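In the part that follows, the structures are each spelled out as C-alpha cells.
Look at the two complexes coming up: chain A is in both, with chain B in one and chain C in the other.
And now, the complex of A and B:
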C-alpha cells in the first residue's frame, strides 16, 4: 500500500474517469437516475457489498482471499432468525449472530495462519461448510417478523443518510485511519509481497492473519444483520455469490490478487463503479443478465488493460 | 520402512480410496440397498460431469492456475445446445449441434487460456470475469424461458446406454483413461508436471509453459462441453440455474484428491476418486435413513471432508522433514 502518496494512482484515476463517464451518460439518458432521492433509495443495495469489501481488501493485500463471506452471512442470518424465533430478545440474537460470524472467521484464520493451508482451499471448504450448516440448522425455512426497532438498522436513516451507510462510513474511516497512521498498512503489504521475509523481520504474520479473517467473519455477521433488517427475512440462501461480487469490486479497485499492492480508495471506487453500473443498467433496461455481462467485462477489461500497459514482469 | 499410515497419508489417492471403501462398507452394512448395482450406477452417473471436467482441471491446477468458470461454461453450452436442437428454436440436426457445442467449449477454454498466457492476467481473475459474463450471456439467450422440447436424438446422450452402461458413465471412464495416459505417458503430460513443479527451471530448460497452459485451459473447456452433452441431456428441461456452483464441486474434487493448489503435484486418479467420494455424500445421507432433515447437511459434510483432508495432509507433512522449496 503506497502510504505517503497523497495523489491517487493510475488505477484510481481510470476508475474515477469511468465512473464520471457512466454518470454523465446516465444523466443524459435518464435524468431521474441522478437525483439525490433516487441515489439514496438505490444505495440500499450496496452497503453490504461495501462493508465486506473493506476486510477483503486487507486480506487480498496479504495475498490471501476469503471465499466464505457469502456463506458466513447465511449462517449468521440463520442463527439470528432461529434464536429470534426461539423467543430470545432481539439484541441477544444479534449479538449471537455477530459472535458466530467472528467465530466462523476465526476458524478460517486458524487454518490459514496456524495450519498454513492456502486460503483459497480453506475458504472453499468453509464456503460449502458454513452454508451447509445454515441449511442444516434451518432446514431451508425462512425466518421473518422481526420487530421495527430491528428493521431500523436496515431501513432507517439519520439526517437523510441510511443507517447502513453511516455504519459503512464509520467502518471505512476506522480502517483508513488504522491503515494510514499505524504500521499495519505497511505490514499488510509486506506480508503480501514476501511472507517469508516478513516473518524473518519479526512481523506478527500469524496473529495479523488470524485477526484479519476473524474481522472478515465479523463483518459478514454485520452484513447479515443489515440484510435481515432490510428485507425482514433471514434464510439459508442469502449472500449466495456475494464473495464473487466483493472480490470483483476489490480487484476492479486495483488491488493485486497476488498481494502487496492496493488501496482503500481504489476499493471504494470499485464498489461505487459496480454499484452505479448495475443500478443504471437495471434502471434503464431492467434486465439483470445485462448486469452480469457488464460487470464481468468491466473486470476483464480493466485488469487486462492494467496488465498490458504495465511493463513486462517475469 | 513404509507403514500403512505412511502409505495412506503420502499418496492421497490411497487415503481417498480407503475412505471411499470404508464409507461404502459402513453405509452398506447399515443399509445393504446402498450397495445395489442400481444405486451404485446412479451415483456414478451423477458424478460423471464432475469427473470429466476434473480431468482437465487437474492439469490446470498442476500448472499453478485455476478455472472457476466451468459452471458458467456449462450453462452457456447447455443453453446453446438446447436452442440449436429444440424444434421450436433453431432445430438443427443433433450431430451438427453437438459438434457446435464441442467447438464452442473448446473456444471458451481457449479464450481463458489466451487471457491468462498472452494477456498475462491471473487465472482466478480471468475465470471470475468469465464466470460472470458467460452466466449473463446464457441468461440473455434463455430470456427467462426454459427450453422444454429437447429432441429425443439429443436426450439419448443422457439417458441412453452403451453395452449396458449409461453413456455418461462410459464417457467419464474413457476420459479418465485417456487423460491419465496423457499425463503419465506422453511428453506433453510430463512437461505439464515439470512446468508446474518448478516454473523457473522449466523456463530455463526451454519448456513452452504458456503453450502448456493454453492446452490445459482449452482441454478443460472441451471436456466441459463433453460433460454438458452427456449430463444436461438427462433432464427434459434446460433452465436458468444450470451449472451454478459446478466449478466449486470440480475444484473441491481436484483439491481433496491431492492436487496442490500451488501447482506441480497431483494426479487425475486422485481427483477421480475424490469426486466419487464427495458425490456419495448426498446419497449416503439418504441411505443412512437419518430422516428427511439429514439431506440438508450434505454441503456441511462435504465442507468438513475438505478440512479433514487438509488437516490430514498437514499432520502427515509434520511427521516428515520439510522439503518445501523457497519460492
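And now, the complex of A and C:
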C-alpha cells in the first residue's frame, strides 16, 4: 500500500520529470504559451476533467470504475436546460441537475454495492442508458440563453483564478483532508487490495461504495453545470468520451487499475500532464491527430516506467 | 535489480526527452518563419473543419493551401477535432485567439457551443468567418456559402427524380442525414420537402440520423430497406451517410432496385457510380470552397474586403458575389458516370 507520506512517490517523480521536460520544451519553442495569461485562459479547458478525476481516483482505488460520468454529465445538462427552458428559476434548475447527477450515481452505487454486479458492467450499462435518456428527453435540442449570473460560474474569475478552478481547488483540498486525516484513505486501499478481507474486518464496504458512486454522479452534475455555463449550451452530446479522458488521467497518475494503490497528487499531476501536452500540441503543431498519439504514448511510457520500478510485479 | 530498473527508466526518460526535442527541432523553421512573418505583415489564417480527417474537409484544405500559396502573405493553420467534438473545436478557437490569429474560419459543428468562443475571438480583434456551415449571425463577419440550401435541396430531389426516370417519377424515398441537430442538413431537408411537391408520386417515408458514423448509416439503410421493402430511393445527405447508404444497398444486392443519391466527394463514390448503385453525386467544388474561404479571410484581414461590398476578387475564381453577409461560391456540381473520372478529390 502506498499512501502519501510527505514525499512524492516514484510515479509522481516520473510525471513531474515529464511535465518539467514538456514545459522546458514549450518555453524554448513557444514562450507565449507559458505566459500566465495564456495558461489561465487555457486552463478553462481542463477543469471539468480535473474535477471528475477526484472521485474517479477514489473509485479506482477500490478496484472499481465509473464509465458513466460523461453520460451523467449529459443527463444533468439536459435536465438543467429543460427546466430552465420551462421558465423555472436558474438556481432551482441547477439544484435539480445536481440532484439528478447524485441520483444517477447512487443508482450505479446500489448495483455495485448491494447487488454486487461488477462496476465495469453496471456503469457500461448506464453509460449507454443515461446518454439515451438525455437524448430522449431533449430530442437532441440544444438549450442556451442562460443568464450572465449563471455564465459567471463557467466564465468568471475571482482574483485572477477562473471560478471552476477555485471550485476544483476547494474540492481537491476537501478530498485530500478526508483521505489523509480520516481512516477513509486506508479503507479505500484496503477494499481495493482485498474486498473480502475488508468486509470480514468490519469495514463498511457497502456503504462506502454507495457514497463513492453517488459522489461521482454529483461531481458529473457539477461538471455539467460548468460546461453549460462556459459554453452557454446544454445538450445531450456533451461529455462524450469524457470517461476515457478521466480514466486516462487517473491511471497516468499512477493509480493502479486493479485498485489498492494510488495518490491524489499523482492524479493531479496526471491531469496536468495530459492538459499541458494537449494544449501545447494544439498550440505549436496544430495537429489534433498528434494529440491522440502523444496521449497514448504518455500513458504507455509512464506505465512502463512504473512497472519497471515496482519492487514486485503485480 | 533496483539499480537495473533505475537505469532503464533513466534511459527511457532520456529517449522521451530526445524525442520531444527532436520534434521541436523539426518544426523550428516554420516557427521561426511565422515569428518573422508577424513582423512582416504575414497574416495568420486558421481554418477549422467540423471533423478533421474526412476526405471532404481534406479536399477543402487542399484548396485553402493553394490559396495561401498564391497569396504569399498567408500563414495557414488547418486543424480541428478528429472526433468532431464541438467543445474541442471551441477550445481550438480559444487557443488561436490567444495566439493572435488574424482570421479564424469556422465550419461549426454546433453553432450554439461555438458561439461564445467565436464572439470572444471577434471581441479580441480577430476576423471570424464561417464556411461550409453557418453559425449564429452575430458570431461571425461573413459566411462563405458553398451553395444556397435551395440549390442543394433542389438539386438532390431533381437528381433522384431524373434517376428514377419517367415523366412522373414514382416511389418511396428516405433520407439518411448526419444528426438531427445538424443545421445544414435540416435546412436542406426543408428545401427537399419543398421541391418534392413538384413530384407528387415521390413519397418521403423516413428521415433517419446516422450521427456522422458510416457504420451507423449502413445499419440505418439496411433497416430502412427491411421496413419499406418497396423503397425506391435513399438520399445520403452527408459525406458520411452517403457511402454508408450505398454500401448497404450494394451488399443487399439491390443495386439498381434502390437508387442512392446524395452529397459526397467524387472519389468516395466512384466505385458506386461505376457499378450503378449511384447514378448522381451532388456536390460543390470543395477545393474552390477552401480556396475562396482563405481569399475572403485574407481580404478581410488586410482591409481589401470592406463591409457593404457586393463583390470581391478571389484569385482564379474571379469576381465573387456577396449577398448581405454571405459570400457565395455558388455552383452545384453533379457527378455522373460520364464526368466523375475527371475529378480527383
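Here are some notes:
Methods note: the second predicted complex is superposed on the first by the 304 of 314 C-alpha atoms of A that agree within 3 Å, B and C clash if a C-alpha of one lies under 4 Å from a C-alpha of the other, contacts with A are read in each partner's own complex, and residues count from 1 in each chain.
Criterion: a contact is a pair of C-beta atoms (placed from the backbone, for glycine too) under 8 Å apart; a residue touches a chain by one contact, two chains touch by 3 or more.
For clarity, every value in this text was computed on a predicted model and none was experimentally measured.
Overlap between chain B and chain C is detected when the two structures are superposed via chain A.
In the superposed pair of complexes, A:296 makes contact with chain B only, with no contact to chain C. In the superposed model, A:178 makes contact with neither chain B nor chain C. By the touch criterion defined above, A:142 reaches chain C but does not reach chain B.
Once chain A of one complex is fitted onto chain A of the other, the partner contacts of A:125 are limited to chain B, with no touch recorded for chain C.
By the document's definition of touching, of the two partners only chain C reaches A:42; chain B does not. Once chain A of one complex is fitted onto chain A of the other, the partner contacts of A:91 are absent, as it touches neither chain B nor chain C. By the touch criterion defined above, A:244 reaches chain B but does not reach chain C.
In the superposition on chain A, A:32 contacts chain C only, with no contact to chain B. Of the two partner chains, chain B and chain C are each touched by A:308. In the overlay built on chain A, none of the stretches 19-27, 73-81 or 145-153 of chain B clash with chain C except 145-153. When both complexes are aligned on chain A by C-alpha atoms, chain A residues 139-140, 287-289, 292, 304, 308 touch chain B in the first and chain C in the second. Interface of chain B with chain A (complex): residues 66, 115, 119-122, 124-126, 128-137, 139-140, 248, 251-252, 255, 261-262, 293, 296-304, 306-307, 310-311, 314, 326-327.
Of all residues in chain C, only 2, 5-6, 8-9, 12-13, 16-17, 20-21, 23-24, 27-28, 31, 52-53, 77-83, 85-88, 90-92, 94-95, 98-99, 110, 112-113, 115-117, 179-181 touch chain A in the complex they form. On chain A, the positions that touch chain B within their shared complex are 111, 115-118, 120-122, 124-133, 135-136, 139-140, 196, 244, 247-248, 251, 257-258, 287-297, 299-300, 303-304, 307-308, 312-313. On chain A, the positions that touch chain C within their shared complex are 14, 17-18, 21-22, 25, 28-30, 32, 37-38, 41-42, 44-45, 139-142, 144, 155, 227, 230-233, 235, 237-238, 240-241, 279, 282-289, 292, 301, 304-305, 308-309, 311.
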